[in-house]
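Once you scroll down, you'll see the structures, which are given as structure tokens.
Below are two complexes that have subunit A in common, paired first with subunit B and then with subunit C.
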Partner chain A sequence: MTKYIIRRVLQFVLIVFIANSLTFIVPRLVRGDPITEFLNNQQILNPNPEFETWVADYKARFGVDRPLWQQYLSFWAGVLKGDFGYSITAFPQTVWHRIRVALPWTIGLVSTGTLLAFLVGALLGALLGWPDAPQIFQWLVPVLMILGGIPFWLFSFAVIWLFAVELQLFPPSGGINMLDVLIQGNTLQAHVTSILQHAALPIFVFVIFGIGGWGLSMRANLIMTLGEDYILFAHAKGLPERRIFLRYGVRNALLPVITALAMAIGGIISGSTLLESAFSYPGLGGVVGTAIGQRDYFVISGAAFFMILSSALALLLVDLLYPLIDPRVRYQ
Partner chain B sequence: MATAQKRDAKIRKTSLKLNTELVLGAAVLGAIILFSLIGPLFVDRDDSLLGKFPPGLKPNSTNLLGTDLQGRDIFTTLVYAAPQTLQVGALTGIISLGLGAFMGVLAGFFPGRMDDVIRFVSDILVAIPAIAFLMVFVARMENPSIYVIALSISFLAWPGPARAIRSQVLTLRERQYIAIARANGEREMEVLFREVLPNVFPLLLAMFIGAVNGGIGTAMALEVLGLVATRRYLSLGLMVFWVQRMGGILRGMWWWWGPPILLIALIFTGLLFLSSGMNIFVNPRLASYGAAAKRKTNARIKELLLARKTAAKKMAPPNSEAILEVRNLSVIYETADGPVKAVNDVSFFIRPGERMGLIGESGSGKTTAATALMRLSRPPAYITTGQVLLEGRDLMSISDEELRRMRLKEIAMVPQAAMNALNPVMRIGDQIKDGLIVHEGRMSKAALNQRVAEVLEMVNLPLEIAQQYPHQLSGGMKQRATMAIAVALRPKVILADEPTSALDVVVQKRVMVTLMRLQRELGAAVILIGHDIGLMTQFVDRLGVLYAGKLVEWAPVEDVLTNAFHPYSRMLIESLPTLTHKKRLIGIPGMPPQLLNLPAGCPFVPRCPLAFDRCQTETPEPQWMDAQRQVTCHLYPEHKTLPPLPLRELEAVVAAGG
Partner chain C sequence: MQAKKLFSSILGMAIVMVLIFTSCAQPTPQVQIVEKIVTEIVKETVIVEVEGEQVVTEVEKVVEKVVEVEVLVTPTPEPIIGAMQSIPRDRTLVLGAWEHAAQLNGTDNFNPIINIASVRTNYAKWVFEALMYYNMNTGEEYPWLAESYKLDDDFKGITMYLRKGVTWSDDEPFTCEDVKFTIEAHMNTETAARRGEFSKWFESVNCIDDFTVRIDYTDTNPRIHQRLLIGWENHFVIVPEHIFADKDVATFTNLDLGKGWPIGTGPYKLILVSPQQVIYDRRDTWWGAELSFMDMPEPLRIVGTNAATDEAYAQLYMTDRLDYGGFALMLGSFEAARARNATVRSWFTEGPAYGAPDGCVYQLQLNNNRFDTNVRLALNYALDRQEIVDLAYQGATYAKVAPISDYVTGAGWDRIVQPIIDKYNRDAPSQAKVDEYMKAAGYAKNADGFWAKDGKVLEFVVTVPVPWAVMGPVIAEQFTRAGIKASENLDTAGQFANMITTGDYDGVAYVHCGSNFDPFDSLNVFHGQCYAEPGESLPAGCGIFHGHRFEGDPGMDAAIEMMEKTAPDPNNAEYVKWVETAVDAYMRELPTLVIAEELHIITMNDSYWTGWPTADDPYVAPYPCWSDFTLAIYRIQPTR
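And then the complex of A and B:
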């Protein structure tokens, strides 16, 4: 078992290492350095007479004047110290600071959304895969198909328009309204209320348009499972329908869905980028959106590092936890 | 060999058959493509330039869909943006699938180092979140074109298709007909192109749709994030980006964000319909589960049950000496090409404590019959007529609940393929216990454990097995475990469906001996189903021979061995080697018939050495020769015994490879 864990952890380290090396080196081979590009743009808007020295100064500060291999080594040295460099647009601010402030927002929003969508979806899927479920439920299948087939962030616009602009039930953007909180007396309750109000719409989008995927995959797994020989034998044993469905059907059909859930949680950081940017949410997605708009390259690549890290971590977690839920998989 | 090849060909055929979803998907996408093709005829490209019109106009007579905040005509912009979006998708589909197919076929055909390298690379790529890599990559590019975007996305997207194709190639390579093609001297590459690729094609098509979908989704994510917001690039995703950037939603400009989002949703819906239409190939079991299919079969089942009940009324009173009596049992399989009669008018009985064998080639209907005896047939199999009387009660007409209570307690099954008959996530002990609790009610933990220990001992399994999961047991142990479950409640009738088919010869014999010992101890009647007539005759008192769904002979086993009435059973006996005297073994030339659209006449006619005119035109009915014997053959009742078979001629036919 120790050997199994060590192997998985090594695999995790390898994935993080190679993936981040790729995202470090490949873009830098494309063209120039991000500093010159950024300053070139600044020069157009706001000419600086000593452009050359200005560029050289910035290049030295961001370390991009050195050869690529030196930059690469200091990138990893920095990562080990938790140093991801500086933001170009908000110079003294570090990339790590921007990310650290944003992470809790993203994790809170997306894990709530994913879990809710999973719970509702898996329940619905199980119901749809149940042979004795009322016929009427089958009409939900095409609905779920369409909901699950269209990228969910697309609906953010319609949701914002309907609930925030037309009906004005919820705030259209942001994560918390500090002004409101201060007016309410800066209490914990005021904080929580404001956060929930702001999270309501994004989570709504998450759940309504996420249940399709979860529901359909649960239903598909269940139908495949109900065709297995052990289901037939369970019927031959004279077990009641409900017991066969739950202990023999759902229990087995859940296994792959749980893996998918773990993977989805790993994709939290990257998966919500578009949703967050549609709602101008203060999470990592919002940071990325702003950084792209400002061409703040170091913030973008710092965020990419965390996206890779979290999905590799999820892979590791699945590998470590799976033997606990499926007895067929042993630590070997 | 022939069947595997035919099945593949059939899958290919059904996959390309049109269904509603495919038509709907193609119609939606076709309409969008048409829109982007003929749209330019009606609009002026210059109308999509910045500042051409006053910004933020509502839809009016000049600007059909109004203008955006940059003064573009929205309808014109849509006309030129839609094809770009479709192109990115199609390009990504082609590139990632081409790359994936190439890598997958390479990995599948050259296992070993090549396979390892490809798998390593794809494992790494799969672990990278696409958006993370693409945003750092694309952010460094100046004015990326859709080709560059499609290429970048494909760089991360190929491992999915590659994996699917690799495993498909590996399964197909295992198929016998490909081995035969190779043995016939076709070279590896020829085999690849002639035999493998046509079979992978439908899968490729389905995956292409998936890749297009992924391509559009990912490209759109980059566009909406503003990574490609350049002058060379105009797409639906970019329209959404500008809406977002300029606050089009908060300004209530629904005509600005509505149309592109609607169009995007339509594109995805079209792709969705296409891929779900293709699911019929990729996942047939799922496809047959649709609401319509279920409604149809529900109605049919009601009809069948009604017919069965009316037929039951006309039947004679039950045979009083039988514990289980089967009367005129027929089972059909509903297929796309029509019903197949898998079990056709089968009748027999078995007395308490007796052992009966039911033998037949694969496809003769023996497992279908066994499943039907306990009314366990699952769609597409349906019991159409017949009674199964267990101590006089008809299992076919009692309520589901009554039947459920009788299963395991009165009549139990030792399933075929014990490998898969046990729930993989439940301990063996719990799988024995749940049957006990359901039929005998709650009992104390100690009593339950005591019962589990007893039944495990009955089948010669150590007690520790109770704590283990099925995958920890060997094949023989799993078969014993299923036997332990089956005998736990001392049923009166046990159906053993090829209980030894997946085991090696030594274990086979031991499992059979255990089963027979249990049968004696419990005094149960056993129906043993199998294809090995040699093994069978050692253990049974009575033998039924199935051919093409018909019970062609049913008699005490000595009678079948010494004086078989049906030419088929006689030939089966002749094919058995004996220890006492040397003889030439004679096989049965020919193949069993296809059951679909079986022509009139005896199904055995093409292989029967004694066939005469009547056999070609008239289907024989089962007839009782006396209370203990049935035969289904036109030779009777004119003949009293089977005329001698022309064995020499048969030998010649077999030798000639017939």
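And then the complex of A and C:
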């Protein structure tokens, strides 16, 4: 068992190292130089007759005037100290600041959405796969497949249009509206209400789209489980249907879905860029999207570090915990 | 075991809730004794003389007394949850930032010397003020922190006279030392926004007295004062020397609400800052009102907010959540917003060209290392500008052929420039002229109908950065139609500036931003000094707008050099002659292909506030990201 854990932890370290190295190197292989690009664009606002000196100052400040291998070592030294440097395009803002202000929004939105989608989806999927469930559930299969097939952003616009613009039940964009909060006395309740109001529509969209995937995979697992000998044996023993469904059917069918859930939770930090963009939600997706568009190396590397870390950590935990969940899997 | 787990969970949740409540608690008011001036009506016995006789009478008199009173004082609010006053929506102004982003840019730094975004995007312009403001529509200057200025006759220096009686929000007086410090900080700080220009042109900054600033230049420059005194997209605001002097300007963030930072001379104070909203409340006192210079602005609160997409801004307008600004809407979004909310409008009331000029024009910037005059002229006649306007911009702008924005031509230069433009009549698409100029350049059409020379087909890649993406396909199609094998390269990675600098491009469709005050800066970019040989990068000091790789025209170069050293004046016959020479050379050579005026649909909502700058009342250019937009805050009135 100890060997197993050590091997998995080493694997985790290797994944984090290789993935972060790639996110460090790949953006730098793209032609051009983002600092000159950024300052060239700044020239439109502030013409600088000493442009070359300006570029050189910035390059020295960001350390990109040094050979790539030195920059690479500095990157890892910074990572170990939790210092990801400055954003190129939002200088003098630090990368950590950009991540810090965005991360809680993404975690809040995506984790709530993932868990809700999982709970509803898994339950629906189980009922879909259970032969004794009411017939109406069978009608949900095509509905779930259709929902899973509509483009995410298109559905988001439709939801915004209906609930935010036409009915005006929810705000169309943002994460919180401090104007409303202050009008309502700046109380904790006003803060929470505003946050929930703003999160309602994106979470709704997230859940609707998530249900399809979770539901269909749970249904497939349950159908396979129901074909197992022990289910037949349970029926032969005359156990109550409810007990067979919950204890022998759902419980065993959930195992692979829980693995997928663990990995989905690991991907929470990666967020949902399109969803955040459609709702102008202030999460990490927008920060990363902008950074990629502007080739802000430092923000890309900083944000990717947390995404990689959380995904790899989730994989590690699944690896370590799975033998506890499923006794058929052993620490080997 | 189960009970223990349940207990632990409840305890954990309770701790979290307590932490939340503790962090969000209202600051406790404290009793303080303060002096207060009260007025009382007292009766006084006086002796007056009535018809030569002295009479004792009692009169009422208003007197002021200083008394000590107990008051409840609430500590300065924390940025997140605290005792901030509730101001109704109809006294609050909600402004959108000039960007598409889910988080406001630059909200952690209110040092305008190193973070221009703090004044440009998140509206710190309500805290910091400029020396003067400017109406680009009329050329009118609005003296503000400076009352007047005088340029030396030889343009080798400037003397600025500051307004007396101006105070910072912490009651410190505003003086020449603040101006001197700010300029020198820009000159001496590596990453300062204005370091390049100021350190190049300013020899020294001195205070003649508390309210007189003297700046000596390193050389003759009749325009550099515009960077100090004229707003536009250029933001030069004065910072308090008494706050900044002992700080490292390069790292000082100037943000500490507990200390009242940022300290400014403006009528608003920052009360809350977050990446989603920046909120300012009107101060009780402001020097402008105390000096009877201006009335207090009407909005009691200003909220700066933002959205990530064009559609999201439109939705905010539809639901009255935005009063002004945001990044300019696209035509479709604007019309959708207006259809839903009748109080939404733009600079012009009638469309589709609703927008206001922003001082730039759309252009196809040519790499003239690759194209001689004949090919350039052929490309020009292959362009159908009106079709680009109609297809790419849905008619929301108008065609243009000279690189001079409407702000310049409207300032008295049109009568000089327009006859030359008319003489050349370059905005007239013609396949016959394409054929004529391509043949003159030595090309012949091949079997596929494409122009070729020495067996090599002329290919043209139209690189187009994302903000101007709509132009790319139309231009490529027009060139192909004319026999020039063109394709579009959508620059999603923002590499166009590097391509221009290094000369690795055929043409880039984006903007040409020159002067907003006279034709000089617009024409200066075509001076031959910025020519670079193929494969070489642009010479030092030549930015992307200079990257046409145009060898220059001797007459044009000479005229531009004379213009550079002379104050612009459409009534100065000599200056006019140089402008005519340069414009004539430009129209003859067409070193770039100007397509249309760049108009932005700056959106405004009359639901809560009215009195916005419009074409009918052009008291200031409408761009919320420009320094001068500050003036609008003193004009708008609540509608409810």
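The criterion applied here is as follows: the second predicted complex is superposed on the first by the 303 of 332 C-alpha atoms of A that agree within 3 Å, B and C clash if a C-alpha of one lies under 4 Å from a C-alpha of the other, contacts with A are read in each partner's own complex, and residues count from 1 in each chain.
FYI, contacts are C-beta pairs under 8 Å (C-beta built on N, C-alpha and C of every residue); 3 or more make two chains touch, one makes a residue touch a chain.
Since the model is a prediction, treat every value here as computed from it, not as a measurement.
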Overlay on subunit A: subunit C relative to subunit B, clash or fit: clash
Touching partner for A:L123 - first (subunit B), second (subunit C), both, neither: neither
Partner chain in contact with A:A102 - subunit B first, subunit C second, else both or neither: second
Touching partner for A:T36 - first (subunit B), second (subunit C), both, neither: second
Subunit B versus subunit C as contact partner of A:P151, first or second or both or neither: first
First (subunit B), second (subunit C), both or neither touched by A:A220: first
Which of subunit B and subunit C A:P92 touches, first, second, both or neither: second
Subunit B versus subunit C as contact partner of A:L320, first or second or both or neither: neither
Touching partner for A:E276 - first (subunit B), second (subunit C), both, neither: second
First, second, both or neither for A:G185, with subunit B first and subunit C second: second
Subunit B and subunit C contact sites that coincide on subunit A, given as residue numbers: 30-31, 34, 157, 160, 164-165, 172, 277-278, 293, 295
Subunit C residues touching subunit A - in the complex, by the definition given at the top: 20-21, 24, 81-89, 92, 94, 101-103, 105-106, 108-109, 114-117, 120, 190-191, 193-197, 199-200, 233-234, 251, 253, 272, 274-277, 279, 301, 303, 305-309, 311-312, 315-316, 318-319, 321, 340, 466, 492-495, 497-501, 513, 540-545
Partner subunit B, residues of subunit A touching it in the complex: 14-15, 18-19, 22-23, 26-28, 30-31, 34, 135, 138-139, 141, 145-146, 149-151, 153-154, 157-158, 160-161, 164-166, 172, 220, 223-224, 227-230, 232-240, 243, 247-248, 251-252, 255, 267, 269-271, 273-274, 277-278, 288-289, 292-293, 295, 297, 300-301, 303-305, 307-308, 311-312, 315, 326-328
Residue numbers on subunit B that touch subunit A, as the complex places them: 123-124, 127-133, 135-137, 139-142, 213, 217, 220-221, 224-227, 240, 243-245, 249-250, 252, 254, 257, 261, 264-265, 268-269, 271-272, 276, 283, 285-286, 289-291, 294-295, 371, 374, 376, 378, 404-409, 412-413, 415-417, 420-426, 434-435, 438-439, 469, 471, 482, 485
Complex contacts: residues of subunit A adjacent to subunit C: 30-34, 36-37, 40-41, 43-54, 57-58, 61, 90-93, 97-98, 101-102, 157, 160, 164-165, 168, 171-179, 182-188, 191, 276-283, 286-287, 290, 293-295
